[in-house]
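In what comes next, chain A is part of two complexes: it sits with chain B in the first one and with chain C in the second one.
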Partner chain A sequence: MNIFKLVAKNLLRRKGRFVFTLLGITIGMASFVALLSLGGSMRGEVTRQADALGANLIITPKNWCAYDQISILTGNSLPESLQYSVLAEVSAIPGITAVPYLTQTTAVQNRPVSVIGIYPAEMLEFNDWRVREGNYFSSRDVRVLVLGSGIANSFNLNVGDTLTIRGENFPVAAILEENGNNDDTAMYLPLSVVQEIFDVGEYISYIGAKVENIAETESYIAAILDVVNVSVTTDRQLLSTVLSMLGSINVALQLIAGVSLVAAAFGIINTMMTAISERRREIGILRAIGGKSGAIFKIFLLESGLYGFLGGILGVAVGYVVSIFAGPMIAESGMGDLLKGAAPEASINAPIIFAAIFLSVAISVLSGFYPAWKAAKLTPAEAMSYE
Partner chain B sequence: MSDTIIRIENLVKIYGKNAAKTHALKGVSIEIPRGSFSCVVGPSGHGKSTLLQLIGGLDKPTDGSVLICDADISKMSDNKLSELRAEKIGFVFQFFNLLHNLTAMENIQTAMMFGKIPQKDHRAKAEKLLALVGLSDKANAKPSELSGGQQQRVSIARALANDPDILLMDEPTGNLDSESENEVLNHIFEIHKSGKTIVIVTHNTELAHRADLLFVIKDGILIQKEGLS
Partner chain C sequence: MKKILLFVLITLFAVGCAKDNGEAELHILSIYNIQNDPLAFTGVIKIDGVASSFSESDATFFTVMDTNELLACRNLYCGAYAMPARYSGSDPLPELADMVDITGSFVQTDDGYYFEVTELVVRQNIMHRLTLSNPGGTQ
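And then the complex of A and B:
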């Protein structure tokens, strides 16, 4: 017999209570781990999207908010608020290659899909696109569609199929090779065609630009601002904005997980206080046969700590499984816009596992501290006299 | 039986405060020689169990002193008292007070957790003690699977777990039928022969007459002492 065996036997004497208390801490830890795992994965995904953006600079109208900037990464519909003439002025600056984007939304099989107006030849080179099948745009005004690979796969579309946009039928002329970013989840038309069918006049959404010498990015920005009244963001700034928003969302979600952990902690306190009340006479017996108050303290603290240890392990396992299933659900939800093109995958690693188990044990031990102290300070006579 | 193992001097115990004050012991003085068999008798609620609790260091006296092997335990810290109980004193209670979720073997081993016997010897020692009280075949039985007499014999084995000098028993047969009572008493007499100092609080007059020393307590006062001296 040793103290650990005694603790294990004490915990299992009321199996129902043990299971429900354990469930409390398991659920709290599982939600914490799932959110941490998905948060890390979303952060990684957004970083990957930004890395695959292709442009060093994003030129947008002055009045755009952060949401509009995020939409550049997600490929969502954007306001057509940048004058087309800006493109020519930016392109005229030496060392800058600029391409226009006019991002609108249409529906395919009743699901929203981005349709982007582009300069076909320039975009092919700018984004290093490869054609998987079919014939790419032959000119800047040809009325055919080119699909990202994700769209073609999702809707089972092939070259030769026809899609209706704003009442006009467009044949699918080509499907691009998978690019691993938002390019895969949009369909493309020449810029002039999108301007015409969406009736937006001489406007575009934003301009993507590459600079010849990245080390002198600030000089290029100054040069752009000299000639046009726009807002210029670097791809790093854009990433930083989105990550900061994502960070805020993660913090909010982790706070919610924190509340469930606090609830679990009170569950442990309640269980331990009830156990002490029920086992008061037993505490007296242990004291009578030579148990020191420190031993009683240790027994009760170990009991609550064991809840945390087991709950932590189960919480990590359940949280991981939940994050596996939650990934595709998030991709389908509004938040999934941030990650268009890829569902967040469960990302769990040794530091998350150890941190979660440590946190769980720490919370449980802290929760057990007061009940254990209450048990330890009972004198043998007080405890023995309890009926 | 020459030296004194328990010396009680002018022991006073008052429970409660102000109007609710109860004088459980009113200046009791007793000396108990090493290896003796003593019985404390008297009406219920007159201070016998309180005396036993104070001798065992389960509670502290309001006044006076309890000396065990010449050490004044009334001034000892809580931890020192625990050590004393673990090493020098074994308790046997009327209602057995076994831990119900543990087997007979585990109940005995639990007491050893607090003593000085090396853990590797716990099992063998517990088996010996179970054999001593005739319960070798009940090692894995939980208290709920044992009769009252058997539970009390496990309780006696547990009291002997750390080989204490003193055994304090509070009405050890008070909750047993006559057959079980005889079994338990026989074991107590056997244990006494091994040299243990035994103090029993009892209502059993037959047992009291077999004691080396008999103390009669009434209204918290030692009114009679018979035996050795």
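And then the complex of A and C:
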């Protein structure tokens, strides 16, 4: 019988113990793989949304915190704390195209939905919107709604339907084509209408600006700060703020997954120690018929390594399935605000698969090292005299 | 081996049944979600927040602030929006700075609205994370 057959036979000798030990490492690896997969997917999604933001510069009030700035990416409602007059001052700077945003929240079918006040014609050009159906705003004060494609699809809304915002009925005049960012998950009204119905006076939430020459971004920022007392953030800075927050969350989640891996490792140690205790006489016989301690060491190390290999493969498969189901749940949660418009998709690739299996085998081999060493150092007399 | 498989299958089946038999959960909204247009939310909804003040004239009325906003400003008088709520059930009203889950619906009145609470769940008190300074002198 070769060593691999012997290892397999030993493992399957106690099928129950084998299954439960394998489940331990499988669950640990599955949580690790699921978090790695979703983390990568969320990172990609946030980057994609930032790329599709449209604006190079975001102009906000000075006292806004990072959470408010993130809401720009998510499209959530924001305080109306920037004076409307700032828009004219920024727009007057040569090389800058600026558009106002006033983001508020209403409800559709009892779900919170962003309603954003915009300059209709300017926004169409600024964000390169295309109208999927219906007629886009005809003026800056027309009292009709334009919907992002995601909102229309989610709530099964069509052109001609009516929605009530702050007690006033607004007909849906048009639905935009899918844009791939949070523009898809908002409803739009002309700025003056939103200011009036939400009673916010001459205020807006923030300004998005495009610059003529991207290489001169710093001088544009300086020019803005010369004329108005505001905070200016580039789209790259915004992205890096969100990614750093996402990175911290990912690290915390991976640490939790790490704890389950450590627990699984102790499960393997426990299983192997029990196996040694049960097989002392067998070890003694092997040693008595000329089996080297190195061979004994190898057998036990291979047994624990095999747990890791099988657990790694199963963990990758289970982790992938979990991440498929967990994606939509995350989109529903608070973290989903970062990913408005798209649930994180399970994203798994060859490096993740190989890294997970390698990690699983490495942890298992390390866990098996002490039991294997204990088994290998038994003398035939010690082993066979065991009752 | 068959026993183990049977055990795993029964466990999975039990977990699945427990999940299916659970009541249809209401989506929990925050005060932040509803503050711009509360009356757009119709029928029974569930909101979480923090009890931030109590009416002196009517013992059934209290206000609820957004949990995240309150934890950010750490002051019950920081000027953030506070939703008026009314609870006339048998349970006692929450204490100041109690985190609550309230189920109910909005009622429109001549001078505004309030949230009529039909179910009140008090989770924990976060007073130790807040300050009570009231720079304006009024609530």
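Just so we're on the same page, the second predicted complex is superposed on the first by the 387 of 387 C-alpha atoms of A that agree within 3 Å, B and C clash if a C-alpha of one lies under 4 Å from a C-alpha of the other, contacts with A are read in each partner's own complex, and residues count from 1 in each chain.
Just so it is clear, a residue touches a chain if its C-beta (ideal position, glycine included) is under 8 Å from a C-beta of that chain, and two chains touch if they have at least 3 such contacts.
Treat the numbers as computed from the prediction; the structure is a model and nothing was measured.
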In the overlaid three-chain picture, which partner chain does A:K15 touch, first (chain B) or second (chain C), both, or neither?
second
Does chain B (first) or chain C (second) touch A:A263, or do both, or does neither?
neither
Which superposed partner A:L286 touches (first chain B, second chain C, both, neither)
first
Going by the contact rule set out at the top, does A:A295 touch chain B (first), chain C (second), both, or neither?
first
Let me test your reading of the model: by the given contact rule, A:T105 touches which partner, first (chain B), second (chain C), both or neither?
second
With the two structures laid over each other on chain A, which partner does A:I214 touch: chain B (first), chain C (second), both, or neither?
neither
Between chain B and chain C, whom does A:L255 touch in the aligned arrangement: first, second, both, or neither?
neither
Let me test your reading of the model: by the given contact rule, A:V227 touches which partner, first (chain B), second (chain C), both or neither?
neither
Touching chain C in the complex, chain A uses residues 15-16, 19-20, 65, 67, 77, 104-108, 110-112, 164-167, 198, 332
Under the touch definition given earlier, write down the residues of chain C that touch chain A in their complex.
1, 3-4, 27, 29, 32-37, 39-43, 45, 68, 72
Quick one: in the complex, what on chain A touches chain B?
1-3, 5-6, 9-10, 13, 281-282, 285-295, 379-381, 384
Residue set of chain B touching chain A in the complex reads 53, 56, 58-59, 78-79, 82-83, 85-87, 90-91, 97-99, 101-102, 106, 109-115, 119, 122, 158-159, 161-162
